[in-house]
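There are structures below to look over.
You will see two complexes here that share chain A, one where it goes with chain B and one where it goes with chain C.
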Partner chain A sequence: MNDDKLLEIKDLTVSIKQEKEMMPVVNGIDITIPDHSIIGLVGESGCGKSMTAKSINHILPSFAKITSGSMLWHEPSGQVCDLVTLKEKDIRKRCGTDVAMIFQEPMTSLNPLMCIGDQIKEVLMIHKLEKSQDRAKARVIEMLDAVEIPDPAVRYRAYPHELSGGMRQRAMIAMAMIANPKLLIADEPTTALDVTTQAQILDLIKKMCETHSMSALIITHNMGIVSTLCDYVYVMYLGTIMEEALTDELFRNPMHPYTRGLLSSIPRMGDNPEFLETLPGNIPVNKEKFRGCRFCLRCSDDIKKCFFEEAPLHKVSDDHYVRCHVAAGKED
Partner chain B sequence: MSGFIRRCAGVILVLLGVMILIFVVLRIIPGNPAAVLLNEHVNKETIERLTASMNLDKPLPEQFFLYLSGALKGDLGQSYYMKQPVTALVLQAFPYTVKLTVFAAAFAWIFGIGVGVISAIHHDRLPDYLFRGVSLLGISVPVFMIALFLQYLFYFKFSLLPLVYDGSIVSMILPAIALGWNSAGSVARLTRSSLMEQFNEPYLDTAMAKGLTSRQAILSHGLKNAMVPVITMLALQLSSMLSGAVITESVFGIAGLGKLALSAVETRDMPLLQGTVLFSAFIISIGNIISDFINTCMDPRLRV
Partner chain C sequence: MEKEIILSASHLKKSFRTGKKGLHIGKKGSHTGDNNLVHAVDDVSLEVIKGETLALVGESGCGKSTLARLLMRMINSDEGSIYFEGKEISHLSERKMRPYRKKMQMVFQDPASSLDPRMKIRDIIAEPLIAWNVYDSKAKRDDRILELLNLVDLREDCLDRYPHQFSGGQRQRIGIARAIALNPDLLICDESVSALDVCVQAQILNLLKSLKQQMGLTCLFISHDLAVVSFIADRVVVMKNGRICEMAPASQIYSNPGHEYTKYLLSSVPRIKEYD
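For the complex of A and B:
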């Protein structure tokens, strides 16, 4: 992993408006994305991982708002810029060129009335990266070729509904990559695809990160994706980071009961097929402010302390942190 | 292409149905048109002679066949009252209706789409409440009320515009607003709801992630998608306006199709009424085909 930081998210809180009250869904999280690295953000549906992603380029839905925290963007020149405080006009200048994003559903994420080539070309036109339409079109076709879309010159004129899910996601990746961004945010990039296509898309993302020396933030609920793709992983539960570690370290030595639960939920060949390990219970509805550990209601080895006091982020090693009273106690 | 042929065959069936329906309805109404035409104090022989010359003494199937074979040749019969070929009368009236429609549609669309977009962008804030009130008025107030109100306001009160149509463009303003008012209201409401449906579509997030501001994303990507149902509605409105606006044309004295149909009803002029109704049905059918065609151009998913 690289020590040069690209984006530092510090104490980020995102709240949603609920019956005139602001309810935090992301609770003061810290995430650091170094240069040239792939970071994973893992958690169940509704834990706030998409909200975190959308807050970076200010595309949160209208009922959600960043209520505190900062997102420090480190320019290559050494300048630091807080993305949270940027006005819409200024953040839009960075979208596509500094931070690009791909989404879960490649069908609905593309405008159904525009051919994919024109949608990709739009990035170049918005940011005035290319003055001539013909040059821009040529660049788009080059990019379509780079994301391994066969027959790129013909596919330029294809509409989203004429392409398969995998091809659409490739088109989305081409759109994200065309302006050479420094950070790619991928929000569940393969959830809507079938398994064979998933592997190809993940390979493509990895290849793009290497060839364009770009960082990526991969948001997923799939531990398998994390293990093949990511250098460093953040495990998120109900808006809080529960554990973070280098990928190898996390898989070798998961310390938080939630991480262990996620890992043991992956079905393996040769295991007892009649019994699939799951986490007990559901994500609780985050109604009132709870002082204790967010996971204690579903935890198998909770102690009394867990109900009254949220655990601090405990340092296990330089590359491993965990937020759990029990795990921290074991360590001592 | 086969779809187009199917649509044309459909139009022919619809027109045939309309012909049968209007033919039967007009014959069910009691009273001899010849007697009405000659008024009651003429002797029986004269009435019978006229009845025979109008083919009204023949059996109904034969009458219909005569009418149909004439219509296929473009001859819709002779107007009883005006003593002129119906086809000529309809073609004379049509340009006035076209003129009125063009102005009314332009007003309805510019006003309706504009108000709808502003309402959607500022939804649930003051401009939206204001415009929603206006468009509700647009839908619910009947045309003759609007027409009379406009005449009162712009002629009697401020004398800015002429009372009735006199051939000048200025005198077309009030009729156009009166006729377009209702459509403007419904276009505004449909535009608003259709555009607001797009707000939650993920492709707007994509557009913003590309670097468009939220307003640019809504106006360039969202509006195009939102326009698909609106265009269908516009085309339908256009063809119904083109088929004659009875009330507007009467109030403002425009010699269009609507007025022609109204006078045909008043004088029990069967060929003329049949002719205008048939012509309207034709225009509406063509309008439907055109609206399908425009939708197919806009939405590639409809192209098979």
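For the complex of A and C:
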């Protein structure tokens, strides 16, 4: 992986209003996204993946707020700027040109009343990346072609509802890519798609990262996607990073009991155990404040300490960290 | 041993008028000459063997749910016949169909929408037992309800709560308890684990497998997820555009697929690399 940093998320906490209290749903997480790399953020639904993603572009819902932390953006010039403290208008300027985002449901970012070509062209015009309407249109058609939409000149005029789910996702990727962002945040980009379309879209994202020397933060609950796409992975549970490692290292040597439980719960083609080894219970719903390890209630490795003291992130190697008293103890 | 066929279908067809016009770029569905006619199920014949788990796989819109609804006589076919334990049921009146309804039960994808939000869990599970008048006393019925709860690993204190007070996985357990209440011969699961997170999905898959062993259930398991199917199925039917393109034992589908489309589907699944 690359050592040059693009975005450093440090101690990010996102809280939501609950009655009168602010309740953290993302708890002081650190994520580093280097240049030219694909980073995965995995975890089960509700663990805080989307809140993390949305805080980068300041598109959190009104009931949620960043309550601490910084997000340091490293310019090629060497300048560093904190996205958390940026003014609204400066963030809008950066959206698209520095950081672009795609979602599970393309309709959340596509306008149903406008043909897709004009919508994508608008991004170029708003950011003043192109003065001539004709040249802008030509660039859009080129981009539609790059995301492998057939007959791009004709499809330019198509409205979102006239496209299949996969084609809509391609249109959204074209819109995200048109201003040449340095970072693509993809929040469950293929969850709603069929498996064959998913494979094509994942290929496309990978190709776009390579050809545009872009980094990506891939948010998913699918370990297969992580394995095929990502260089480095963060595993999240109830708003906290429990383990992080180079992808191969994480799959070869998962150390957190949660990561191990996740991995053994996944049915795999061609390997048929009588029963799947899974984690007992459910993700706790009523989020009382945790004093100790938030995975403790479902853990079979737990020791006394786990109940009252949250484990620090223990360094296993330069490319592997785990937040677990027991795993850290075994190491020493 | 002679294989006993519990349910079979021969040359089933069902099409729908969609009324949608215009260009639908890249959209699936087996449209033919008539633009508004979708052949959702197009000449399907299959047999479900007693005691097996038969999986129906294919991409969305290929006709899996329509086929399931045809087999259960929730909708009527345009052509073809359906046999339950050798007796044709395709044209039975609702009254004559009634005894068969008891033998075929369904578990849906979204337990939230298939459970009445105003009913307590106790009443949800009791409903089929009351409708079929299975027990002559309330005490016997209550015993059965407890037994069912136990089978799906729910605690007794669930009984007086409402569906919204449960997580997705627990609601799916409730849906399963209701579906097996009448000791059905055939359980149809339509994307029953598709909306669940991996850990809970694994719990429900384990539950279905152990129920099948305990009760000798036959299961028609519908899913778009090939990895899930590989865990649970004995035989697999691969569908595309309303037709069956391959039907084979699961081990064969995964190790030696015969049809190009099956190969394409399998190659599309993002896999976790193998490490030793």
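What we mean here is this: the second predicted complex is superposed on the first by the 320 of 332 C-alpha atoms of A that agree within 3 Å, B and C clash if a C-alpha of one lies under 4 Å from a C-alpha of the other, contacts with A are read in each partner's own complex, and residues count from 1 in each chain.
Quick note on the criterion: a residue touches a chain if its C-beta (ideal position, glycine included) is under 8 Å from a C-beta of that chain, and two chains touch if they have at least 3 such contacts.
Please read these numbers as outputs of a predicted model, since none were measured by experiment.
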{"item": "Simultaneous placement of chain C and chain B on chain A, clash or fit", "value": "fit"}
{"item": "First (chain B), second (chain C), both or neither touched by A:Ile126", "value": "first"}
{"item": "Which superposed partner A:Arg155 touches (first chain B, second chain C, both, neither)", "value": "second"}
{"item": "Which superposed partner A:Pro189 touches (first chain B, second chain C, both, neither)", "value": "neither"}
{"item": "First (chain B), second (chain C), both or neither touched by A:Leu113", "value": "first"}
{"item": "First (chain B), second (chain C), both or neither touched by A:Gly40", "value": "neither"}
{"item": "Partner contacting more residues of chain A (chain B vs chain C)", "value": "C"}
{"item": "Computed vertex angle (chain A) for partners chain B and chain C, CA, steps of 10°", "value": "70"}
{"item": "First, second, both or neither for A:Lys54, with chain B first and chain C second", "value": "first"}
{"item": "Which of chain B and chain C A:Pro254 touches, first, second, both or neither", "value": "neither"}
{"item": "Minimum C-alpha spacing, chains overlaid - chain B and chain C, in Å", "value": "5"}
{"item": "Chain A residues contacted in one complex by chain B, in the other by chain C", "value": "162"}
{"item": "Chain B-facing residues of chain A, complex", "value": "54, 57-59, 61, 88-89, 92-97, 99-101, 103, 105, 108-115, 122-123, 126-127, 159, 161-162, 172, 175-176"}
{"item": "Interfacial residue positions of chain B with respect to chain A in the complex", "value": "200-203, 205-214, 221, 224-225, 228, 298-301"}
{"item": "Residue ranges of chain A in contact with chain C within the complex", "value": "44-45, 155, 158, 162-164, 166-167, 194-196, 198-199, 202, 221-225, 227-229, 248, 251-252, 261-263, 265-270, 272-279, 282-283, 285"}
{"item": "Residue ranges of chain C touching chain A (in the complex, touch as defined)", "value": "22-28, 59-60, 167, 169-170, 197-203, 205-206, 209-210, 224-228, 230-232, 254-255, 264-273, 275"}
